[in-house]
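Once you scroll down, you'll see the structures, which are given as structure tokens.
The following pair of complexes shares a single chain, chain A, combined with chain B in the former and chain C in the latter.
Then we have the complex of A and B:
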């Protein structure tokens, strides 16, 4: 027992490592110039989150989580990226350079805000033997960087992907602190995500049909 | 009585499906019947204590009934207005399609909001509120104009991100509960409340702040309100009324559910201070922005931000009388704002523009709906004999009785500034001489009827709320932790 406080268990170690991979893919999305690569990165990120679900399910003997991991794989790794990719193909625009800041400044800002998130969660008394606290801090960092993605990229695809990856960050948090969440609730969450994706897709298409662009810089009529 | 809950969840959903397939006329009348029936069923729940169905997954207590009645009233009133709204549109080309989508959407939207008040537990509450977002975002975009698609995009993005934060808060709350109940428990309200006093306080504070940030985005608390004026002004008017009167209230309901648990875990001071900060920001910002609007519907949207601020400030006064005032305010704001939007809808049809500088002589040209619009604005400014006068009076006296004199004073000043803006612009458009070539006459009898319903509700709430309703408000206030 004493040793486990010094040497991370296999579960803690792998959960932290996967959470780090998720955070790094969030950074990659932030700077990715092509929208296509952004969507692929989202798919990869979702794959990592699914992997985390499998790790948690296996180490904690939560068989329900295997079902969730299955749903999450189909939905977030295959279906959602597929839907957005299709929209992108239909609109025949692959916007380059919707960055509001230079890549270096964006990444620097993301590093600062990630450190902030990790330390804020670290200062909370959320500690237990079975709980990988660093992974929760990383989840907070993922959520904060996804805000940056929505704020600093001015096109509808990046903003939608920003929201979906925010949901991935929340999934990481939920896997590390609330793995026992009832199955029906988890399924409802995923179903909701699917509906949200469809609505995002519809509105992206409406936007493209009206403005013939994916950029949001034209959305400046309503103010005050 | 558990059948009532099930019927309330089935009828609007079925109506929505029928509206999608059936001819426009049938859809309109079915929506009307469904709206009135839902309201009647919600009223029937008022005297009951707790009703549950489906082994506790659906459950209403006094607090949820207050919000269910609010949603159901607006559903009924809007179903009357919407008939007049589509029949006066004059746009025959796409009317059939538009009509089907609008009515199916209104029913689905009302259903999702009723669902949010009926489900038991923070997780399902989140799911229901997410459904309200996606349905209402499509309804905001339904007009198909540039403004509508811009507003819908901003709305769906900002509200979804807010709900992402709220989901994070829900998960942190789940973790707090798992320290007492172990993992694998249901997030039922009663379960959480039973163990709340043993939850780790620091974790609960984080959960509450995340919940207020998340649901506060949907409730329109400043500075998270930025989607609200756009969505309210660009949506079709029946949807604006539902957004303002019901959707914001349902988001407030979600915050109150977190408040209940947090208050037991960490004491009342922390959650009240958080709500006070957001309340003051909203009220102050709305009071200033109200006086610089040219778009009639946008002005009413800022008035909603103002009233959401009043609700948050009212919750920060711990007195029971203030909490009762807050709940009455939820009930009274719905008909007041809906009547104002219905009147705005009538005026926009009459003048062919939302721009207030192009509206002159509203009362002369629209003798009924113009006059009732002015009355609704007076109601929003907390004039007697309307319900908001009573609720704001209770809130302020609750603040004074709890020696929060300064905040109560700020509240009165800010509300007065906001009222000044509202009445000034309304008098400019309504109580002036009409231009020479304009034609006098109402747009639609249905619109007049819907406004009459709204004003009647306001007068009842203002002069003498029925005894059972007052009893309900008292019980709901007790559930929020006063007098414990």
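Then we have the complex of A and C:
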């Protein structure tokens, strides 16, 4: 078998392991009942992505990536979760029963989706110089599962967190295929996130003021 | 002085048989301390066994020979499994080739089946509840075990436990490879479940909600009950052997057939088992139990990790 003859090096193995941690935290978000714990998970996930960027930067001598990692730490690990947490504290809601499916079936569905993503990407002839190729498949899985998070959880916070973690998935993918991207482009991506935070922040506020809840299921009744 | 392979093999069995109650007692003691009690004596399980062996056996009126044969069959199954796994040595012993990880799993399942059958035989509702739950949840955790086995098979091209242990020992890159880490965590969750700790079972109490394994043995008494108790301690130690000596820390095993090397491997292994047992007790006591029907969530997590382990291997990055 391919796997038995090919043992990944320590760098490849640990990089893949970090990408896996990112994917697993995505799964954990899917499950987390408390909105607060979801945001903490997002912060943790961003930390893992930052760690991945640092690993790549250190082993591939891409100094610009250190700057990106620094930015992404400040923004995604500290700032964005902080803002969302604060909005949440203002709205005084901790728990919104927003699972549209049972946890076990959600996880199984997410497994199927990520298998799909991983195999689709695996069949593409993309090879990377900076990160092991499996990480790209994992990035695709992260993106697909975060779509699932947005679809299957019906509260505003989950949808915001789902969207932000989608960006984390994209970050992993961009680390794989284009680690040497010009600094300005990467930074532009990061600041896009800030815009999204503002939009979601306004959305949360307005929604909570109007409906006194963070659940989006009441929106279903808004038919003409 | 060199030992014959057969002698070492017998010594493996003996280690499990003799020290299983010690490890159980040690964990129970630590657990008592964690809960602010003094905890039972570490040697308490031995006293219990002696007591039960001295008592008479009572058989429910309608029960047939199956009721008494079940515990014996289960105990003999637990005697066979240590022949297949690396308890003391890091090189395969002759009988180590008669079965792989799956065979070990099947023999453990046969033991579970025998106990369940003996329990159902009594007609007691609690015993039946216990065996029905044990069988159902056993089937639910099975996919995770299978996927862990597949992962091992892909890593080593065989699924003999000795080879997986050798692979882990061979280099650092084998330890940090994601497939290995994920499979280890998945198997860890499986063992947590199978030793009756997390997620729903309370392994010592007789509260109905958390009764699975304890409920099955309610109707047994005397030597048959002693065999069941002893057997369940042995099952726990066997699972620890697989977890420790195959996946987590396959170091400190005897590398040669000399008497000294084999004998020194015994206390090293018992120490490692205490370490893992301590960890399990901490985990058991720091998380609340789930509702019974939430057990699928736990199984789903173990399954997820095992599937991911296999997936990264297929991607060539595991």
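Convention: the second predicted complex is superposed on the first by the 208 of 224 C-alpha atoms of A that agree within 3 Å, B and C clash if a C-alpha of one lies under 4 Å from a C-alpha of the other, contacts with A are read in each partner's own complex, and residues count from 1 in each chain.
Keep in mind that, in the parts below, a contact is a pair of C-beta atoms (placed from the backbone, for glycine too) under 8 Å apart; a residue touches a chain by one contact, two chains touch by 3 or more.
The model shown is predicted, which means the values in this text are computed figures rather than measured ones.
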Put the two structures on top of each other at chain A: do chain B and chain C fit, or clash? fit
Between the centres of chain B and chain C, viewed from chain A's Cα centre, what angle do you get? Round it to the nearest 10 degrees, please. 150
One more residue to check, A:216. First (chain B), second (chain C), both or neither? first
I'd like to know which partner A:200 touches here: chain B for first, chain C for second, both or neither. first
What is the contact status of A:16 with respect to chain B (first) and chain C (second): first, second, both, or neither? second
Per the contact definition in the header, classify A:159: touching chain B only (first), chain C only (second), both, or neither. first
Just chain B (first), just chain C (second), both, or neither: which does A:125 touch? first
Contacts of A:111 with chain B and chain C, given as first, second, both or neither: second
Chain B versus chain C as contact partner of A:181, first or second or both or neither: first
Check the superposed model and tell me the shortest C-alpha distance between chain B and chain C, rounded to whole Å. 17
Looking at the complex, which residues from chain A come into contact with chain B? 124-126, 128, 143, 147, 150, 156, 159-160, 162-163, 166-167, 170, 173-174, 177-182, 185, 188-189, 192, 195-196, 198-200, 202-203, 206-207, 210-211, 216, 219, 221-222, 224
For a test of understanding, state which residues of chain B touch chain A in their complex under the given definition. 123-124, 126-127, 130-131, 133-134, 137-138, 141, 144, 146-147, 149-154, 156-157, 160-161, 164-165, 167-168, 171-172, 174-175, 178-179, 182-187, 200, 202-203, 206, 229-230, 233-234, 289, 292-293, 298
Enumerate the contact residues on chain A facing chain C in the complex. 1-4, 6-10, 12-14, 16-17, 20, 23-24, 27, 31, 102-104, 107-108, 110-111, 114-115, 118, 122, 132-135, 137-138
Chain C contacts chain A in the complex at 154-157, 171-174, 176-179, 181-182, 294, 296-297, 299-301, 303-305, 307-308, 311-318
